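Which chain is which? They are A, B, C and D, in the order written, and residues in each are numbered from 1.
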Amino acid sequence: MLGKSLLTGMAVTLRELFRKNVTEEYPEVQPELGDRFRGGRLDLVVSKCIACGLCMNNCPNGSIKLKTVKDENNKRQLDSYIHNTGLCLFCNLCVEVCPTKCLVWSKEFAYAGYSRDALVFDCMALDRERIHREEQSQTTEEKG
Amino acid sequence: MNTNQDILLTIAATLRSFLDPLLGNPDVVDVTMYGVALAAILGIIFGNAVILVWAERKVAGYMQSRPGPNRVGPIGLLQTVADTIKLITKEDIRPKGVDRWVWFLAPVVLFVPTLAAYAVFPFSEGLIAVDLNIGLFYFLAVASTVTIPFLMAGWSSNNKYSLIGGMRSVAQMVSYEIPLVFSLIGVVMLVGSLKMSSIVEAQSGIWFIFLQPVAFLIYVIAATAETNRTPFDLVEGESEIVAGPMTEYSGMKWSLFFLAEYANLFAVSAIATTVFLGGWQPPPMPAVMRDAVAFIPGWIWFAAKTYFMIFLFMWFRWTFPRFRVDQLMSFGWKVLLPLALANILVTGVGIYAYRIAIGG
Amino acid sequence: MQTQTFELNMGPQHPATHGVLRVVLELDGEIVVKATPVIGYLHRGIEKICENRTYVQSIPFTDRMDYLSGMNNNLAICQTIEKLMALEIPERAEYIRVITAELNRIASHMITIGVLALDLGGWTGMVYCFRDRERILDLFNSLCGARMTFNYIRVGGVGWDLPEGWLDECRRFLKDLPEMLKTYEDLISGNEILQMRLKGVAPLSAERAIAMSASGAVLRASGVDYDVRKANPYGIYDRFDFEVPLGTSGDNWDRFYLRYLEIIQSARIIEQALEQIPEGPVMAKVPKMIKPPVGEVYHHVENPRGDLGFYLVSDGSPKPYRWHARRPAMINLQLLDELSRGTFIADVVATLGTLDPVLGEVDC
Amino acid sequence: MAISLLEKYSVDEVFAPFQEVVQVEGEGVSQAVVVPKEKLVTIMEHLAQNFSLDYLSDLTAVDRGEKGFEVVYNLFSISKKFELCVKTLTSQSEAEVPTVIPVWPGADWMEREVYDLMGVTFAGHPNMTRLLLPEEFEGHPLRKTFKLQSRA
C-alpha cells in the first residue's frame, strides 16, 4: 500500500525527536581520545633521546627532521628536532621504532593555525617548556 | 460582538478612535488603517521567518539526534538574526552574463505575491486585513504567480543548473496547482462561499478535515509541492542541480528567496488551517470546556494550528527522500488529479443526498 | 520540433559527486545522452610514492586510498607482502584482522547506504548511518588510536593487541546492530519513494558486468557469485560460515540493497570470529628491515567496494620495484556512462551512489 | 580456493596452438606466462573462450629498464576459479602493445591508466588519452627515468 512505509518512516523520525541527542558539545566537552590516540604533536623526552635518527629514517613522509652534533665524548647529541605535522601521516612508525621509547603522542590535537608554519613544531623547545612547567609546579607545591 | 473582546481588535479599535478626530476624513482613516495592517503583515512575515528558520533547524536537529543551533542567544533563538546580519553584510555578487534586470527582479517579484496573499488570512474573528468575498480565489490566483519568479531566476542566471531548476519549477507548480485548487473546491461546495470568514464560521460545528479527509490529504501533498519542500523539492534539488534557480544568488537576494520560502510555508499552512482545521475556532469539545478556554483569543488557536501544519511539513522534509521528475509529474496527473476530481463528485453527490434527506 | 542537446558539467564541485569527481553530461532536456566521468582531481601518485618507500612505509598510504575502508586496504597490502615473503602469521592476529576488516566493511556500507539516501534527498537517513558508524570508529580508536587512517594491520600481524574489554564492546555493538538495521529499513530502504527511485533503473547484465571487470556489490547485484572471500579465500575466511548475497537484475536497487544484506553477513562473520578467537601473540617474527625475495605477486581481497588487488614486484631491495593497486572503485566507475544513458539527471546521482566510488581510491 | 591454471593443466595443454612462442617464467606466486605481443590478443581470446578466464582482474605495466616495458594481465575465472598471470614485453623505444578491449571491454580505463602513468600505448584503443593526469602533463611518472622531486 502506498503510504504505509512513509508512515513507518515518519514514526522513526518522530521517535528520534524525543530521544536524547548524541552530540558532544565540543569546546566544553573534550572528546575521549583513548590511550592509543595518535594525532597530536610528538612529545620528545630529550633526556632519554640517543639521537639515533631511526624515527627520521622510518618516517614515510619525511615529517621528522633531526640534526645531531658530536659532543666532547664523541657521543651524538640532539641539535634540533623538528616535527612537521603538516606532512605527518600519524602512522605511529616513529614511536614504535624508538629504541628508548622517548617519543609519545601528546593529546593536544587542536593546533590549527593560519599558516603552514603553525604546523611545524620544534620538539626540543616543547620539551624545555614542559620541563620548565613541571619545575614550576613542583616549586609551588613545595611552597604550598 | 464577542463578549471577551480580542486584544488585537481592541488595539485596532483604539487606534481608529484615536485617528478619527486626528484625520477627520473616514476614507483617510481607512487608508491609514490598511497601512497599519500592511505593516502588521510584514511584521508577521519577518517575525515568522526568523522563528521558522530557527524552528526548522531545531526540528531537523532533534530528528537527527543533534541539538540544532544552540550557541547564539538562549537555545539558539538568535541564530537566524545572526545569519541575517551575515547575509545582509555579504558582498552582492552579480555573475557575469546574467540578464541583469530579470535576474535582479526575480527575488523581488517572488516576494510580492507572497505578501499579497497574507491580506486574506483570517487570523481571528474580524482580524483580517481584507475580508474579500472571493478570498480563497484571490489567494489561489495570487499564489500561483510564484512560478514566474522562479522561472525568471532560472532563465536569467545564465547557468544550466538554474535553467533546469526553473523549468522544473514551472512543470511542477503548474501540475500541482490543479489538484490543490480542486481539493479546495469540495470545501467551497460545502460552504457555498469563497469568503474566508464564512468558510471558518461554517466549521463551528465540525471541521472540514472530517468531512473532506481526502481533500485534506490532497491539499497537504499539493501544498508540499507548491512550497518546493521534500519530497517535492525538485526545484532546489540540492544533490542534483545544486540549488536550482537560486544557484547564482547570494547575500540579500538569496535570503529573499529564503524568506519567501518560509512565508509561503506559513501561507499554505494558514490556508489549511482556515479551510480544513476550523480557523480561529477552538477544537470541538464539550460545552463546559469550551467556556473554560473561551478566554483564549482566536488568533492563538489559529497560530497553534498553523504551526502544527508547519511542523507537519517539516516532518515530511526531514523524513522523505525526493521524487524524480517524471514520477512527480505522473503522480500529480495520474493519481492526485483523478482523486481530487473523484472527491468533488463524491462531495456533490453527498450534498445532494443530504439535501434530499433533510427535505424528505 | 528540432531540439538540441547541451552539456552540463557536474563537478568537480558538486554536492553529489562523492568528492572531486567531474561528470560531463550531455543532456537532452533532463535525459542523459552521454555521461563522461573525468577523474584525477585527487591523484597523488601513491604508486610512485610507494615505490620510493619501504614496504612497511607503504602501509599508511593505503589508508589514504579508500579512506572509508582503511582496514581492508591495510589487510590487502600486508597479505600481499606476506605472500611474497611466504610469511605465516599468528592465529590471534588472523582473527583480529577478520574482525576489524568486517567491522570496517559494516562502517563503509553504512556510509554507502546513508550517502545514497542523502543523494536522493533524505537527509536524516544519512545522519543516522553516520551516527551508528561512529560506534565502529570509536572501537577502532580504542584499538589503534585512529578513526580512519589506521595503519593497524602490519606485515606479520597487527600493530597492537586488543585492549581490555574491546571484545565485549564489539559484542555490544553487534547486539545493537539489528536495531540499527531496523531503523535503516524503516526509514531508508523500506521507503516507497526510495524504492521507486531505484528499482529498474540502470540495470546491468551479468555478462556485461563480468566483461567490464566490475567487482563487489556492483558485480554481485547482477547475479554473479564472485566474492573474493569465497572465490579465493584469503587469510582464514574459509573457516567462517556466511553467505554471499546476490541480486538478480543488477539495477540500482539491487546494488543498494546488497550492501544492506552484506552488513548482516559481515556481522555473522564477526560473531563467529569472536567465538573462536584464541589467545596468543599478535605479531610474527619479522625482520626489522623487510626485504622480500626477488619475485612478483598479485593478491586480491574483498574490499567493501569490490576486488582490491595489489601487484608487487620485488627486486630483493627494501623498496618495492613496482607497487600497483587494482582499485575496484575506479574500474566500477567505468560503468557510469553506459548505466546512465537514457536515464534522468537525478538517476545519475543515484547510479553514482550505488556504484559507490571513493575518489581517494579512484584517483589514487 | 583458486588455483593457478597451470596447476590444473600443463603449459602444453593450455597453449597447444601457440607452444613455440609461449614461455613460463618464475615459480610459486611469481609464476607467469610470457607471450609475444603480436600473438597477445589471439592468445587472450583463446584463454577467455577455452579456459573461461573471463574476468580481467588487473592490468598494469612494469618498467624493466633496458628490457623494456612488461605489461601484466592478471586473469581470473569466475566459474572455474582459475587464476593466471600473463605478461607481454615491449621495447622501450616502441612501447606499444595491442589493446585487449575486444576480449575484455573493462580494460578501457586500466589501459588508459597504464598509458597515462607508464607511457605504453595500446594500439586499437578507442580513446588513448590521459586518465588521471592533466592533458598538458609532460612525461610518464611511473617510468624509472622519472625522478620524484624532493620536497622544497
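The rule is short, and it goes like this: a contact is a pair of C-beta atoms (placed from the backbone, for glycine too) under 8 Å apart; a residue touches a chain by one contact, two chains touch by 3 or more.
What you see is a predicted model, and the numbers here were worked out from it, not measured in a lab.
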**Message:** Measuring between Cα centroids, what's the chain most distant from chain A?
**Reply:** B
**Asked** If you tally contacting C-beta pairs, which pair wins, B-C or A-B?
**Response** B-C
**Asked** Looking at mean CA positions, which chain is nearest the middle of everything shown?
**Response** C
**Message:** Centroid of chain B to centroid of chain C, CA atoms only: how many Å?
**Reply:** 46
**Fill in**
Between the Cα centroids of chain A and chain B the separation in whole angstrom comes to 53
**Message:** Rounded to a whole Å, what is the gap between the Cα centroids of chain C and chain D?
**Reply:** 25
**Fill in**
Whole-angstrom distance, CA centroid of chain B to CA centroid of chain D, is 64
**Message:** Give me the residue numbers in chain B that touch at least two other chains, ranges are fine.
**Reply:** 63-66, 318-320
**Message:** Can you pull out the residues of chain A that are in contact with at least two other chains?
**Reply:** 6, 9, 12-13, 16, 22
**Request:** Would you please name all pairs of chains that touch?
**Result:** A-B, A-C, B-C, C-D
**Residues of chain C that touch chain A when the two form their complex** = 53, 56-61, 63-64, 124, 128, 131, 134, 141-146, 149, 151, 159-160, 163, 183, 186-187, 190-193
**Asked** Of all residues in chain D, which touch chain C in the complex?
**Response** 1-2, 26, 28-30, 32, 54-58, 60, 62-63, 72, 74, 76, 78, 81, 83, 85, 104-110, 113, 117, 130-134, 141-142, 146, 148
**Prompt:** Where on chain C does chain D make contact in their complex?
**Reply:** 39-40, 43, 45, 47-49, 51-52, 83-84, 86, 210-214, 224-226, 231-233, 238, 295-298, 300, 307, 309, 311, 313, 321-322, 324, 326, 330-331, 333-334, 363-364
**Request:** Spell out the residues on chain B that touch chain A in their complex, using ranges where they run on.
**Result:** 59, 61-67, 315-316, 318-320
**Item:** Interfacial residue positions of chain A with respect to chain B in the complex
**Value:** 6, 9-10, 12-14, 16-23, 25
